[in-house]
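By letter and in written order, the chains are A, B, C and D; residue numbering begins at 1 in each of them.
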Amino acid sequence: MLRFIALRLVKAAIILIAIVTLNFFLIHAAPGDPAAVMAGEAGAADELFLQQLREQFGLDQPLLTQLWLYLVGVVQLDLGFSYRQQMPVAELIGARLPATLLLTGTAFVISIVFGTLAGVMASARVGKWSDTLISTTALLFYATPLYWVALMAVLLFSVQFNWLPGFGYETVGGNYEGFARVLDIAKHLVLPATTLGLFFMAVYMRMTRASMLEVSTLDFVKTARAKGLKKSVIQRRHIFRNAMLPVLTLAGLQAGQLVGGAVLTETVFAWPGIGRLMFEALAQRDYNVLLGVFFVSAAMVLLFNLITDILYRVVDPRIRAS
Amino acid sequence: DPIAGGRANVVIQPEPPSLMLGLVQNGPTQMVAGNIYESLLRYDENLEPLPQLAKSWEISEDGLTYTFHLFDNVKWHDGEAFSADDVVFSADVFLRETHTRLRSTLEHVESITAPDANTVVFKLKEPFGPFIGVFEGGTMPIVPKHIYEGTDYKTNPANNHPIGTGPFKFVEWVKGSHILLTKNEDYYIDGLPYLDEIYWHVIPDAASRAVAYETGVIDILPGGSVENFDVSRLTAMDNSCVTDKGWEFIGPLSWMWLNNREGPTADKRFRQAVMYAMDREFAKDALWNGLGKVAQSPVSSSTRFYSDDINKYDYNPEKAKELLAEMGYDGTPVRLLPLPYGETWQRWAEAIKQNLEEVGIKVEMVASDVAGWNQKISEWDYDMAFTYLYQYGDPALGVARTYISSNIGKGSPWNNVEGYENAKVDELFDKAAVAVTKEERQTLYTEAQQILTDDVPVAWLLELGFPTIYRCNVKDLVTTAIGINDGFRDAYIEEK
Amino acid sequence: MTDPVSSASAPTPVVTITDLQISLPEGADRPYAVDGISFHLNAGEILCIVGESGSGKSMSANAMMGLLPDLVSPTGGSILFDGIDLLTLSETQLLDLRGKRVAMIFQEPMSALNPLMRIDDQIAEVYEAHGLLTPSERKKRAIELLTEVGIPEPEKAARAYPFQLSGGQRQRVVIAMALALEPDVLIADEPTTALDVTTQAQILHLIADLQKRHGMAVMFITHDFGVVAEIADRVAVMQFGKIVEEGTAKEVLDHPTHDYTRKLIAAIPTLHTGDASAPIETAPALEVIGLTKSYRSGGGFFGGPERIVHAVKDISFKLGTGETLGVVGESGSGKSSVGRCLVRLQNPDAGSVLLDGEDMAHLSGEKLRTARKSIQMIFQDPFASLNPRSKVGRIIAEGPIAHGTPSKQAYARAAELLELVGLDPSAIDRYPHEFSGGQRQRIGIARALALEPKIIIADEAVSALDVSIQAQVLDLLDDLKKKLNLSLVFITHDLRVAAQICDRIAVMQRGELVELGTADEIFNAPKQDYTRSLIEAIPGRQRELEAAS
Amino acid sequence: MKDFWQRFRRNRGAVIGLVLLLAVILIALFAPLLFPQSPWKMVQRPFLPPFDMGQYPLGTDALGRNVIAGLAYGAQVSLLIGLVSTVVSLAIGIPLGAFAGYFGGWIDDSLMRFTEFFQTVPSFALAIVLVAIFEPSVMSIIAAIAIVSWPPVARLVRGEVLSLRSREYVEAAVLSGQKTSTIIWRQILPNTLSPIIVLASLMVATAILLESSLSFLGLGDPNMMSWGYMIGAARTVIRQAWWLSFLPGLAIVLTVLSLNLIGEGLNDALNPRLSRKGK
């Protein structure tokens, strides 16, 4: 197992470098350069000013040199310096990461728990009206644009009823401490996490249902029934565990996207997370920040792939052996 | 009577890149940092100077010597004493290197000296009419010499913790969330400021900003921070006031760049047709909530030396069609770049596109984000493009730059981007800048305006009215032509 | 229905099924899976139910367990067990019965166990389901049971996961589970079909043995008359959901009364070897020298340790013109690998395959394409070997067209070939799914013939077919071989089949060719122990020998 | 085929989906006839509520443009982008997956690593970056959506091909001397069709959602009226005129829903084993 993990880590590192390189070229292909954007923002600009900026950011060097310098930095976990924010990228990302992880993590947990639960329920009542209800609801969530749900949710729960805050991470200037602060953040979390979770909830529901139905046709379920086991025991012990394998794969994929997958939600709910950072960085051609976000997100994807694989090994003895 | 205490919750949009006003002078930076840093003067709504760091000043008869007498009990936020040396350092050393706009003004200056700790003297090479207008916070912010002298300004660690002389001190900046300023207890004017603290909330989404105001999280929405569509609803709320004052100094004027070099827009008749084709009153009402004013001239009506004696263009599609027929417009499509600054601008471009298509001009909209827009404009890669620029109170500071031929050059979206060349106009602007008397200047500027409105180098749209929305119990928020950029010094909150 | 002769021993029926009718959902191939069948099952006897695929054998068994699939339900009759009609019981009442009084073994040993659970946990579940014993006792019993069914190293096997056991071992585990609570009735639904001969023999032995020791009633479902001959006390023959004949094993096998039974029994290949025509060594159509093939899996840049399987080890033989060479051996012995190397579907590691003086093993590209014309293959599975989306004509004509025959001519030839293999030429315009298994296999044969090969490799070409159809196809092959003077390499694990059609037989074990001789020599005077064990494992051989003597 | 239709028809949801989709397609096709005026044309006073004026049954937007015309023309964009981007991603994914699956070995390995790259960057983020790079236009949006959506196709096809290439009928084709390209094209790919069709129907749905999300963020083609654009534009006026974002939202939901229903119906109809179970 340790050997496996070590090998996978080496492999991941190599892939990561390749990804960083590709991203680098991708981003530099965009029109507009950061110096011009900043000059534009400053309200006045001349050649001298632009030259200063380019020199400062190292943008006057050949692209390959820039790439090399960047890669050397990345290897030492130095993600460079944000042009616009005048801060190390790692620090910027570090400051935004917790908010994003909180949001997407909560959405992830919500979606996986309720999604699989609904899926199991639907599969147990396959063909009945409750199955139809659950499946149709899931399909609806699945078909609805996330940002639209978000808008409607804000309109309803925040504006109409004023039950929940419609934007932000916490009450700015509320100066809450300890538990009050946790509660405050939790309140802010409800709407975005639920909206973000809805879509994935639907995905998990559909997947779980299909997988449960699929597994329940397998031979060993018949064996289990022939033993005289109760239906609930069979559902739980035999069907559910086997049905979770594909769900696990999906969960791994989604977990990987936790970092960069919430651009829309973060935008609509003004959530100070990575997704928004990325979007703003893109608009400002703040290359290093953008690359940094992609780097972190790719690293996250690879990390979660690894975790999924390890989990898979724990859950499925067949893979452990091969 | 003003009451001390209280907190202001203000929206800041977009999040500024930095709060070091000496290095970055864009709108959001100045809005926050204008309360941290100060300059020598402020200006009232008629653009007459008011004291700030300078309690009094004199201009010599020949218009060549400006002498400022500074307050003598001023301290930097870190406790160090402020003196005339700081002013000399800022204007002559620091800003010359970092402040593009001021740099060109300073070309008229021969020397800056500090005869004593409380006096600063600017000597000019020749008379320069607008010079009294450059002592505003965003134009000449005074930075601490003891922190910056001899350092690399751009990477000085103090940039992350700005130190100024202003009524409020920097406390913290949680990126993506908020900026907190607190009262400067040692402010040199007794009793000021009144407020204890200011929270600047970063809310990236316009709709959320409106909601924030409605739900009471926010007390003040500076101009431009909510979409215009929301303005009437927000101002209709209880205890909600609105003002469009506070933008006189900046005088934002919007127009469409028209590429004078090539394509149909190179033809003066086409450009005039564009002016006639646009229904600017409709845009003002539907998109700007009726605020602002249809622009008739390159000079904003609130700016000095505006003249009414010019060619005016009303909404007249027939006239536009005639002009197009006369020039023999062949239906070549023109590319239109909207300003990527939010929904209002987007809608506006769509409306204008419709206006133009109705008179037979084929328009192709080109989408781009801020960076792409900047690049396209700077590289002259457009046919028509929305923009708005500041007037800074004087045609020499904010108007001439768009029309004089010496200002043609790729690489900046703020110069003569349209490529208009007219020796007569060049001469008029040159002379007007250094003319000594007001009357002389007015004559020259009027003539320039007449030529320009006839040539239509750009298609003027509106003198923008940016409404500041605030709770009515916030008093004295906007008292100068600089608006809330330096407004919190005098603001106070009255009991409800 | 009861046998008057043996009524003296007065067997007591444990289960009595009367007029059982099971309806199928709409759109199925017939309205009832089982239509009014009646039989009984006595304590201490093995009742074999035989019949071709789809005749309703499994449905009858499932009905007894109350495990019918959704939408399939009993619509009439009764299943009396212990005086209670099982059909009237509720699901909860059935739960008590299942596993405890009536137990079942399923066909597919590979998938009958939960892949994620350890063996002992799965066995212990049987006790848990009925609330018996403490957890630690259950595990102990599990090991005892595993010992009883003859699994080597039962302690280790108990902690293993299913994938770590071989097919035969898994089937033993399933049997152990079924025996856990010493049920009165054991239902075995084709428990050995998926296993190779030797393993099959062991399992049959085990079931018969356990049945005697525990005195259970066993209902054994199979379609293999060899198996019936081996273990049955009584036999019931099913066709289209009805029981067409029932009686003691002896009666049914020796004196079948119903036509259908007779047809089935007649189709069983006998162990009697063929015409024993002398081996034709004179003009070898194909010569194989030192053929070697091993498979590597895993390894690579980042992979785990490499695993090497030596599937074919240094094999040499000659194939005479017009000869049929059988290749037999247990599962995994490398038969298919040899066949695939001959036609270069697999690249051999070493050795040569001489065909018309060309070494097939070292050709490539255009030359290989040409050489392949004279050596073709008939595949095992008549369902998998025809592209479901191509019309039959196309399937047959494709080869010649690829070799440059004008398409019109190729299609005309296809029609002729169809006729040759006994199909209507109009089949050209139909899709494979419109044919039965036997017909499909004929299409496969026609395809192999289309390129006018000299040699045909048949890899388990009849194993997927019903006995009666199997017989037809074998006849056809024999016929064609003579007509076209083909040489045939016939790969099979069914020694009966080999005995019937092969001139010579090669026996393979673990990649090696251990014995090669005429069919007669192999069956009557095997030189190797391995060959002998294979022959002894043929189900029903004992009875046949007795009958013969 | 008749059989297939029979099975498809048994799934009520799928039939509803098909009817809905057909309606959307018809509206899209006949938009220029139903609404000869450009959807961008300002025809009435802004913010006319729905059902107020017979001529503009769904009211007007912030600039006084006819909402119902916008919806009809938006259907064109959504369907166009949904379909074309799906076709493009199939055109990338199928050959890639087929090669990887058929040839295996290092070809498979490198093609799959390449595929993985596109999966490590969150797809929406990647789409945003791509559209920003190429600048928003129908072409660039289609390209971006296709680029982020082909990896699943490649993976699916690879898996199918991997299992099909060792099928006996493929081996038979090899033996009968057919060329590799013929084998892939004639023997293997036709048999991967049903899962691809199902996937494609869902991809069209996803592409429509993606396009609308991009438009919502202001990354749509500014010359094309699309549903995402309408919602994005209406967002700022959601308080004055909620219907302006609600209606196009509903249009998206219904279209995507119908595609999903059809996908499920196809899945059932093309997979006899499942269709027997479900009902």
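We adopt the following convention: a residue touches a chain if its C-beta (ideal position, glycine included) is under 8 Å from a C-beta of that chain, and two chains touch if they have at least 3 such contacts.
Values in this document were obtained by computation on a predicted structure and should not be read as measured data.
Trainee: Between A-B and A-C, which chain pair shares more contacting C-beta pairs?
Mentor: Most C-beta pairs in contact, of the two: A-B.
Trainee: Where the centres are mean C-alpha positions, what is the separation of subunit A from subunit B, in Å?
Mentor: The computed centroid separation for subunit A versus subunit B comes out at 40 Å.
Trainee: Averaging only over C-alpha atoms, locate the centres of subunit A and subunit C and give their separation in whole Å.
Mentor: 50
Trainee: Just the number, please: Cα centre separation of subunit A and subunit D in whole Å.
Mentor: About 23 Å separates the centre of subunit A from that of subunit D.
Trainee: Could you grab the centroid distance between subunit C and subunit D? Build each centroid from C-alpha atoms only and quote it in angstrom.
Mentor: 46
Trainee: Quick check: what residues of subunit A touch more than one other chain, meaning two or more?
Mentor: 30-31, 151, 159, 267, 282-283 - these are the residues of subunit A that touch more than one other chain.
Trainee: Mark out which residues of subunit D touch at least two other chains, giving numbers and ranges.
Mentor: Where subunit D meets two or more other chains at a single residue, that happens at 132, 135, 235, 238-239, 277.
Trainee: Two or more other chains touching the same residue: where does that happen in subunit B?
Mentor: 207, 368-369, 372
Trainee: Identify every two-chain combination in which the chains touch.
Mentor: A-B, A-C, A-D, B-D, C-D
Trainee: Mind pulling up the subunit B residues that touch subunit A in the complex?
Mentor: 7, 9, 14-15, 17-18, 24-27, 100-101, 154, 159-160, 174-178, 180, 197, 199, 201-205, 207-208, 211-212, 214-215, 217, 368-372, 374-376, 378, 390, 409, 411-414
Trainee: Along subunit C, where are the residues that touch subunit A in the complex?
Mentor: Within the complex, subunit C touches subunit A at residues 65, 67, 91, 94-100, 103-104, 106, 108, 111-117, 125-126, 128-130, 161, 163-164, 174, 177-178, 298, 302, 304.
Trainee: Within the complex, which stretch of subunit D touches subunit C?
Mentor: Result: residues 167-169, 171-179, 182, 186-187, 190-191, 193, 276-277 of subunit D touch subunit C.
Trainee: Which part of subunit D faces subunit A closely enough to touch in the complex?
Mentor: 13, 113, 116-117, 119-125, 128-130, 132-133, 135, 205, 209, 212-213, 216-217, 228, 231, 235, 238-239, 242, 245-246, 249, 252-254, 256-257, 260-261, 277-279
Trainee: Under the definition above, what is the set of subunit A residues touching subunit D in their complex?
Mentor: 15, 18-19, 22-23, 26-27, 29-31, 126-127, 136, 139-140, 142-148, 151-152, 155, 159, 213, 217, 253, 256-257, 259-261, 263-264, 267, 275, 278-279, 282-283, 290, 293-294, 297-298, 301-302
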